[in-house]
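Same chain, two partners: chain A is paired with chain B first, then with chain C.
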Partner chain A sequence: MVFSSLIFLYLFLPVCLLCYGLSPSLPVKNAVLMLFSLAFYAWGEPTYIILLLISVLMNYLFGLGIGKCQQTKKAGLSKVIMIISMIFNLGLLGVFKYSGFIVENLNLIPGVSLPIPHLTLPIGISFYTFQILSYIIDLYWEEIDVQRNPFHLLLYISMFPQLIAGPIVRYSSIADEIKNRKITIVDISEGLTRLMMGLGKKVILANHLSTIVDDFFGENIQLSVAGTWYAVIVYAMQIYFDFSGYSDMAIGMGRMFGFHFDENFRHPFLCKDISEFWQRWHISLGTFFRDYVLYIPIFGKRRKYGGLFLVWFCTGLWHGASWNYIIWGLYFGTFILIEQLIGKKRIKKIPLVLRHVYNKIVIIVGFGIFYFEDIGRLGSFFRNLVGLNGNALYDNVTELSVRNNLFLLIAAFACCFPLYEGVKMLRNRHASLVKVTNVLQAVWNAALLVVSSILLVDATNNPFLYFRF
Partner chain B sequence: MLNEEIRKEQYSKDEDFSEEELERLQKRLEYYSEISKARAIRREAAACRMAESADASKKETAATDWYERIQSASEEDAELLIDDILKEIQSSSTAEEEASFAEEAETYEDTVVSHGKTAYVPEKKATETVPEKDPASSAVKPKKREAEQEQKRKPQKTAVSVQSQAPASSRLRTSGKAVKKLQKETNRQWKKEAGNYISGKMISANKKKAAIWNTAVSLTLLFGIAAGMVLLERPTISNEENRTLARMPVFSVDSYLSGEYTNGVSEYYNDTVPMRSTFKGMIQSIRKYMGLNNSSVIHGGVPVLQEEEPAVTTTTLPPVTTMLTQKTRTEGEETETTTTVTEAAEEEPEKEGEISNSILVVDNRGIMLFGGWEKMGEPYANILNRYKQDLPEVNVYSMVVPTVCSYYIPENLKHLVSSEKANIDYIGQCLENVTPVDVYSALEKHKDEPIYMRTDHHWAGLGAFYAAEAFSAEARVPFARIEEYEKHSKEGYVGTLYGYSNDIKLKENPEEFVWYTPKCNYTTTFISSDLSSQYETNFFANIDGWAPVSWYMVYMSGDDHIVHLETEVKNGRRLAVIKDSYGNALIPWLTSSFEEIYVIDMRYFGVNVISYMREKGITDLLFAMNSFSANGTNAQKMETIRVQP
Partner chain C sequence: MTKQEAMEALTPIFREVFDDDSIELDDEMTSSDVEGWDSVEHFNLISEIESVFQMRFKMKEVSGMKNVGELAEIVAERGTL
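Up next, the complex of A and B:
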């Protein structure tokens, strides 16, 4: 069940909110939320829910084990359990997500011919595996207390707002809120606002941008240079609104249930360099790798560069079992390495305009790599970008598409900037705006909900992009 | 103005300053900045005070009003205003409170001023920093004061002009500037802080109320719509789309485990929304007014059209781009105004059009816009050349049919399309040993006749006739006159372009669907695309009772099978036609020209086409398709069927 569907918005969510709201105490609320979350997952993955449950149960036991060892000061045993847990979790992810990819690549070696396993990828496995890992590792590092209530752990992992498309919520960030949280009317209001914002981003902007992308990047379509650039820029915006829209909805719904998730996107296209881009784009993933992978001591003296390479390899691979994602990750890693070698101080001396041009081109071309899973088509995309395919520089199809979608494109472009924050700042400075903005907020939310819902009636084009993750 | 003194002093002296003097000035600068800060603090205190008082008495509007006034006033006026306001507050609050506040404000000031005095004692201006104590003068008329200050400012202005002429010490100038800058910054800072403070108070006072309202509005909608979705009657069919909507699936353990059940329920819930048709209409207007075009289709792309239940159209819409809409005339008017329109057309009027939904509608004619450039046709030509290499003994012909946009687009909208002629000509140049058939000029000569459909993306039977005539001349085969055919027609035709564009003007102006059947004898066999089965049938389908949109399928009932015709002609010529749906209308016109005809749709052919043609002893191979197909994905499909096993 995707958030941007009528059955979710007008059946699942209202019923869930009603039950949650009518629950008299926090333990009951937790139970309601957990049951609805499991129902939510079972709706999309009727069989793989077993996998989720097993995974949570095993890690609950691993957690207890680590906790026990720490109490009795058996550091060695604690490490062993941690490593077993790693192998178990990453093993599951590897089997279900990467086995096909690994075997395909092994088969490229002459003489090797293994049957390719066809396992469908359980929805959200990449997200919840990482969430479990954050629990186990933090526990091993003694940064959190062991969770003795298996249902609390299950609630943390299965909580439906963040279950299938992130953000990757750390256990440490909501451990306290599971046991003790207050839900105020302000939380609900802010949560609803966030939910509508995300819904609008997804249904109004991303879904319509995706039709443009499909038209241009479909198979066997000859593109002009301008058309290629146009399409890949539109694609970058599509992914941003789709992904950040999902995160907004997750954060908003979390807030309505009283949880405060960390931000996942902070206007990434405003970045001044690539390093900053990744501090603004999919923050929960970036910080996850930074905290748990970057300092793995397996590269010895070359740890700095080795760690960097590993992080970006993993970042790429995490997005999908295909070479283009790995290239995509390493592509960004390369630019970040270059930026690190040049040094922050020296980069700051470069005129801002140049820095923006540089990073926008890198980011946009990066999205091209992200789009084309077929390496042949990726090559053709690169040639199209610079006109090496004998394609025209410019064609009127592109012009027409721009004209046809002008308002959409302008709106999408504008929404890449922190408009909402801008209005908030104005309001904070001018007391006369407070009341107006409060009214506008309510009206705007209602409008977003109504327009998005109507558009969803004709949902011929409502892609769910995270099935690969 | 704080730096007034510095300036005056600066110009009263010579350019040279001693170190002491500079030091003195520096101290003064510091002192002024302190003063400036003191003022800021005082004003901030005043603002806070105002806000608090406003909160207490629920006079938000008053506070806002004051705040706005202070914001818009100049620095001096602001201070006067604050004094005014303080008076006002004083009158509405207890004397005790006021006294404590006044004390507080003055303490701030005194501390700072006395600190400044130790560093440097200003000769005058003391009054400026001390609040007016006299009630009479504090009930100020700002305008009067402003006038006074304006006078004060005047000499200063001349001083500035002097400054620009006289070369003064640059260091001092910097000092002057620094004072000014500091002043400005402090000013901005206090304004911001005071604003933040008041807003903050307003926000927190309103926060809960706003949250309640926001929540109430959103949740009412969410629950209200949910109730409507659950309780209202759900439609089972869609008349507009001519299809049955999804049904609630039946539960079984198997269907649940496979995910079919849950998917089915989701689909049912999403598909059978109560008042679905109303919402569909609203979607069109939302997309239109918000500039969200769902089908900005590109060369090679195919807009998604819900398939009709009774007779599924397998003809694919060639790729397209934009649609402008023109105002409709009712049918009665149409005939009357025909002449006027023609006249107007000669004057080339600016046709009013609005871009909507990817198809241009002019004079109730839907036009798909061609967007390919010249060289885009090269792959098509190369594929044909390879066919010729594979079949050196066969005559290969290329017939790229231009579409409506070549002939019927008004002058002022011509920039919306690329030239199909240039593209077709370029293809002609790239062909090697393949004969191009010039359909472009053949059709151009007859463009005043109904050679294309108005509401459908296909050409009409008549257009195909002229094209076939041109082809027969190239192929040197006999060709029957149009009198050898029987004409049929059916009123009320609204073709695919309505479905693609949803432009109501097309629906309101149906046209006549005309087709011609040969009087000569021939047999038709339909062969399944994988050659597994075949049966003899009529070339022309009986379209009585079919939805108008699918009437073009009168020609060989669609595209998804191979069609084999045997005629009474005995000239040893066996023709294979590799075509898209445009080719369908062409076939009847060739029944007096070839002994046998094999019609192959490049999209539906399951075996290797080269060996198939060898096996059938083909002597002539015609590629017949519209320019969109030749430049798009369909061309690639011809390559697929050439190389596939």
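Up next, the complex of A and C:
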């Protein structure tokens, strides 16, 4: 079940909210949310829900073990349990996500011919594995207390707003809210607005942008230089609205249940350099790698560069078991390294226009690497970008597509800017605008729901892209 | 080294790394109080402190320190000048 489906919006969510609202106490609310979350997951993964439950149970036990060792001052044993837990969690991820990729590459060695395993990727495993790891590592570092209630840990992992495509919510950020939270009318209002905003981003913008991308990046299509740039720019916006739309919906629904998740996107295309882009794009993944991988002490004196390399290798690999994702990660790592070597002071002296041109080109070309899993087609994409395939500079198909989709493209471009934050700022400055903006917000939310619902009735293909990670 | 001595020795490092001579350190100061203190600069800051004070931070410390006060306590405990 995806958030942007009629069954979710008109059946699952309202029934869940109703049961949740009617629950008399917090323990009952937690139980309702947990049961609905498990039902939500089982809807899409009736088999692999067992894997999720086993994973939570094992990590609950690992957690108890680490907690016990800390109480009895057995630091060595605590470390052993933490390492076993890491092997268990990363092992599961490795088997289900990367075993086919690893075997395929081993088979390239002369004389090696292993059967390639074809395992289906359990939905959300990349996200929930990282959430569990944050619990175990923070516990090992004594940043948090051990969770003795297995249902609380299960609720944290399985909570449906963030279970299958993030944000990667840290246990430490919601541990207190699992035990004690109040849901105010402001939470419900703001949560609903975020939910509708995310729905609109996904159904109105991302889904329609994707049809343009499919038309241009399909197999055996001759692209002009202009057409290639146009398609990859549209793809960059599609991914942004798809993924940030999902995050908006997750954060919004979390808020409606009384949880405050950290932001996952902060208008990434406004960045002034590549380092800043990654402080604004998929923030929960970036901070995860920053806190748990960047400073890993395995590179000795070269840990500054070793850590950087490892983070960007992992960032790429996390996105998929394919070389193009690894290249994509290292590509960004390279530009961040270059920016580091030049230094912030010198970068700041470069005119802002040039900095924007530079980073937008790098980011947009990066999304091309992200799109093409087939390395041959990726090479062809690069040649198309600069006209090395003997392709024309410009063609009528591109012009026609821009004309036909002009309103969509303008709307998408405008939505890359912080429009909602601007309205909120105006409202906070001028008390007289509060009533008007409140009414407008309600009308806007209703309009987004109606338009999205109409579009969903006709929609045939509507998966969130980040589901496959 | 006392925490106060550590704070005094850390001040020029902060001013150099963040290129701002007006920085005055206090216990409660965090990354949001200093312009440009992001993860990249945090790494540069940590590397510089490690080299000046001839010490190594643990991974938990680098990720987990909440403010300048905590940083100074670690430096005071294990750093040498």
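Operating definition for what follows: the second predicted complex is superposed on the first by the 467 of 469 C-alpha atoms of A that agree within 3 Å, B and C clash if a C-alpha of one lies under 4 Å from a C-alpha of the other, contacts with A are read in each partner's own complex, and residues count from 1 in each chain.
One rule holds in what follows: a residue touches a chain if its C-beta (ideal position, glycine included) is under 8 Å from a C-beta of that chain, and two chains touch if they have at least 3 such contacts.
These numbers were taken from a predicted model, which means no experiment stands behind them.
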{"item": "First, second, both or neither for A:Arg346, with chain B first and chain C second", "value": "neither"}
{"item": "More chain A residues in contact [chain B versus chain C]", "value": "B"}
{"item": "Chain B versus chain C as contact partner of A:Arg148, first or second or both or neither", "value": "neither"}
{"item": "Touching partner for A:Lys179 - first (chain B), second (chain C), both, neither", "value": "neither"}
{"item": "Partner chain(s) touched by A:Lys79 [first = chain B, second = chain C, both, neither]", "value": "neither"}
{"item": "Common interface positions of chain A, toward chain B and toward chain C", "value": "none"}
{"item": "Sites on chain C touched by chain A in the complex", "value": "19, 36, 38-41, 43-44, 46-47, 56-60, 62-64"}
{"item": "Residues of chain A touching chain C in the complex", "value": "141, 143, 275-276, 279, 286-287, 290-292, 294-297, 304, 307, 336, 340, 344-345"}
{"item": "Parts of chain B lying in touch with chain A, wherever the complex brings them together", "value": "60, 63-64, 67-68, 71, 192, 195-196, 198-203, 206-215, 217-219, 221-223, 225-226, 229-230, 256-259, 262, 265-266, 269-270, 273, 276, 279-280, 282-283, 286, 290-301, 304, 321-322, 355, 358, 369, 371-373, 375-376, 378-379, 415-418, 631-633, 635-636"}
{"item": "Complex contact set, residues of chain A against chain B", "value": "1, 5-7, 9-11, 13-14, 17-18, 43-47, 184-186, 188-190, 192-193, 196, 204, 208, 211-212, 214-216, 218-222, 224, 390-392, 395-397, 400-401, 403-408, 411, 427-435, 438-439, 441-443, 445-446, 449-451, 453-461"}
